[in-house]
Amino acid sequence: MRPVIRECVLGFTRAPLLSTLSVTAIAFSLFTLGLFGLVAVNLQQALAALEDRVEVVAYLLRGTPIEAAMLAAEDARTFPEVAQVTYVSADSALARAQAELAEFREAYRDLRTNPLPASLEVALRPGQRDPETVAAVAERLRGIGVVEDVRFGEEWVAGLARLRRIAGLVGGVIGLAFAGVALVIIATTIRMALLQRSREIAILRLVGATDGFIRAPYLLEGALKGFLGGTLALLLTWAAFALVRGGSDALVAPMFLPPAFVAAGVAGGTLLGLLASLLSVGRHLRPRGVR
Amino acid sequence: MRPVIRECVLGFTRAPLLSTLSVTAIAFSLFTLGLFGLVAVNLQQALAALEDRVEVVAYLLRGTPIEAAMLAAEDARTFPEVAQVTYVSADSALARAQAELAEFREAYRDLRTNPLPASLEVALRPGQRDPETVAAVAERLRGIGVVEDVRFGEEWVAGLARLRRIAGLVGGVIGLAFAGVALVIIATTIRMALLQRSREIAILRLVGATDGFIRAPYLLEGALKGFLGGTLALLLTWAAFALVRGGSDALVAPMFLPPAFVAAGVAGGTLLGLLASLLSVGRHLRPRGVR
Amino acid sequence: MIRFRHVDMAYPRGELALVDVSFEVAKGEFVFLTGHSGAGKSSILRLLWAGERPSRGEVRVAGFAVNDLRNRDVPRLRRRLGIVFQDFRLLEDRTAEENVALALEATGMRPDLIPARVLKVLSQVGLSTKGRSYPRELSGGEQQRVAIARALANDPPLLLADEPTGNLDEKATRAVFQLLRDINAAGTSVVMASHDAALVREANYRTLELKQGRLVADSGRDAVEALA
Amino acid sequence: MIRFRHVDMAYPRGELALVDVSFEVAKGEFVFLTGHSGAGKSSILRLLWAGERPSRGEVRVAGFAVNDLRNRDVPRLRRRLGIVFQDFRLLEDRTAEENVALALEATGMRPDLIPARVLKVLSQVGLSTKGRSYPRELSGGEQQRVAIARALANDPPLLLADEPTGNLDEKATRAVFQLLRDINAAGTSVVMASHDAALVREANYRTLELKQGRLVADSGRDAVEALA
């Protein structure tokens, strides 16, 4: 249908200001969502990096022979929650303490006996790092014969879990608010553009145009604006990302949105434009004062 | 001038949908700014809390008499960057280590001599915690006779400074983007509302209305919409804050925006509405096809 | 072609605009609607193009019952009509040519036939040189003639014209009226509201006269009765 | 009151709409503007209310020089005029009363005097019962009369009326014309564009006739010349 495309193009060229503004508004609101997504993705990644450090340490009885320690490690490896078990001998524990705790270095140098015990460092599988699971694993490790004591930084694990909960809640609230903003803006701009043309729609109906004939260019226009807005938002988000990445010295290398998210954003913009048009046109096709 | 207010009220009641949408759009964009402000304020506070911990520790020579240590502390207190100096004796250092480092508790219990030195803990004034200043203070402390070694967690200080820089940069970029969003939306809605009424404006000019007569109700309306939008945004921000505060168990007690920021937000909304009206009306008063 | 039977009509805000109006118009007839300002002429036409529904009575047009016409059938009715509105109702951001062409597209005419047809009707109303002008660039009479051209364009079986010569000088009025006559002669029924007493008198066609919403005279029925 | 001297006028997109038009209208005169559709009647009125500027020549109205009228002086000129537009130009979301009242407010009339004045002019045009109706709820002729009432409301020294009876029946036309006559008798100058040949002939006022933008007859000048 040639006329539909022509009408849609005319819609843009006849009101360049309004069209530009619509696209801009859509773009900026999706940009807002994009920025939020960017923050969310990177926060998520940072938290995951922290969680990698959740570890349970089982201190062994002083003088445990290496064979017994290895058996205990074997045992721990059979736990379904456990990803990896590393044996740390008393000597390497001392070496590590001297390297890490500089102010004690000198003090340790004077010691005649090594005060540190050997230990098993137990890393847990992703998804098995919540306080309950960690505590359960620690309890079972305590049951192993050569294990004297188990430590896993209860506070650290619980704090991390709480941080995650808060981040999820804040993220949910803010994300929802931003999605709301985007929706309101898109609906507003399209509604206004339509109010603008309600006279045109009314006249077309008077000369016998069907609803489909009237609606088609608006729908195409809405979808196109949504698509353009989505693409623009993507570019803006990328630019913001590039700017920040350039400025940071990458403590944790910042990550861009995953491709699926990007595709969903642009497709969502298009769909949103289409839907908003559909809803708005639907109402306007039946104005009170038809005449 | 009675008519101005009546016209302004009419502007609202004649187009309730459009007016509601304008106010909503303004509110949501300012809400976006408010949320961002909230995050910024609390991040700022969290960073400040972390920075409080920046501290320089000067380890004293073994066997330094308490009087010499006190003199050294006096000396350090004269540094302009220094807020406070605390003397930690070798005994209390050991007690603290036993309390804080649980896995070494047993080991220390066996020790016959205290391996830890006495120290001076030097806290710096706010604003004097950047890497350069901290390093300079450390250098000067090294010059004091009884001081054997000075440590200040170079990496921690440098990391914090970097984090602050990144946060500032990200904040600036995102904040600017959001302010831009708000401006575009406000301008768009007011422009569209005006396009809507360009016929009315043209007719008023034809019957001899002055620019002032035409403009006044629009300006009042713009300011009012800005004010309502700003107030609504404030309520929304407060609601979001209350929601998040309720959910968190207050690791760091979340803080609401300072009153000055709130007042500036509402006043800014009003001003923005007024300005946007002024600009938009100004252009519309001189349409191409006056006739 | 048209049948009104005891039709009342009230606007949402307002008293009865039409009271107990009954008349019929046969295929091929040319009928004038006259009456004072506010008598109800435009209201009758509005019922004919299904812009309003009767409050009571029956309205039939071109085979459609307006009383219970479904919304989706409204376009089908309107495609069989040509309508000249009293206030023109031209699309302001389209040229004269585009206004006419869009109406043809809306009624589903083959795109390749449209340009020739547009030129033809515009020159019939004496506007062949003004096709590229926007309504705001046309004089009042020129806008009225664009509205007439649009109504004629799809060769409708029934033409409704509301005061189509209100903004035309004597010569243009005569020319337009002759055009409507020719169209009528070619088989199109015409209902024309007009307050141009001289025109109505001279033309000597059947005339329906309204007064405060009531049909007070029908020269056709008189003629029929006179013949009987 | 009005002086046109060798006035040409061209619209941005379009040829000359007026060519070398010269005439004067004295205070208190009643002048008809006639001519075919598109002759330039509305264009002359548009110059008078400073909706356009002349491309050449001089236009003076009510003591203002339109040629170089500053934008801020335009409202001052328009407050001295009453204008009936060919297409009415009523505010669509205001009732008839509000349309008239707003025009009075715009010209700075004391607010307490406005309601009475509004009622008066609306009843003068026979619309005392339609004050609360919105334009879309009025018939074509009723809208036209609201436009006339608005133009009369602030008792202007000069009334410009563009086809003010185009949508009125014979009786209403006569009533409106009588009203304009009365106003003229009370001292207001009137310039009225009209294609109602019968009305113009009968009234026997001074008539300016335009043809394709040129002034081809001025019965006033003829009369003056005949007298000389």
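General remarks:
Per-chain residue numbering starts at 1, and chain names A, B, C and D are given in the order in which the chains are listed.
What we mean here is this: a residue touches a chain if its C-beta (ideal position, glycine included) is under 8 Å from a C-beta of that chain, and two chains touch if they have at least 3 such contacts.
Since we're looking at a predicted model, the values are computed, not measured.
Considering every other chain in turn, none proves to be in contact with both chain A and chain C. Between chain B and chain C, the least number of touching-chain steps is 2.
At the far end from chain C, in terms of centres built from Cα atoms, lies B.
Centres computed as Cα averages put chain A at a distance of 23 Å from chain B.
Between chain C and chain D the centroid-to-centroid distance comes to 29 Å (mean Cα coordinates, whole Å). With centres set at the average Cα position, the gap from chain B to chain D is 63 Å.
Centre-to-centre spacing of chain A and chain D amounts to 68 Å, using the average Cα coordinate of each chain.
In chain A, the residues touching two or more other chains are 291. Contacts between chains close into a ring here, every chain touching precisely two others. Pairs of chains meeting the touch criterion: A-B, A-C, B-D, C-D.
Listing the residues of chain B that touch chain A in their complex gives 17-18, 21-22, 24-25, 28-29, 31-32, 35, 57, 59, 102-104, 106-108, 110-111, 113, 115-117, 151, 159, 162-163, 165-166, 169-170, 173-174, 177-178, 180-181, 184-185, 187-189, 191-193, 195-196, 236, 240, 243-244, 247-249, 251. Across the complex, chain D meets chain C through its residues 11, 13-14, 34-39, 41-42, 86-87, 133, 137-142, 145, 162-163, 166-172, 195, 197-198. Across the complex, chain B is touched by residues 46, 49, 51-52, 71-72, 74-79, 81, 83, 85, 89-93, 102-103, 105-107, 111, 150 of chain D.
Of all the residues in chain A, the ones that touch chain C in their complex are 2-3, 14, 199-200, 203-211, 213, 286, 290-291.
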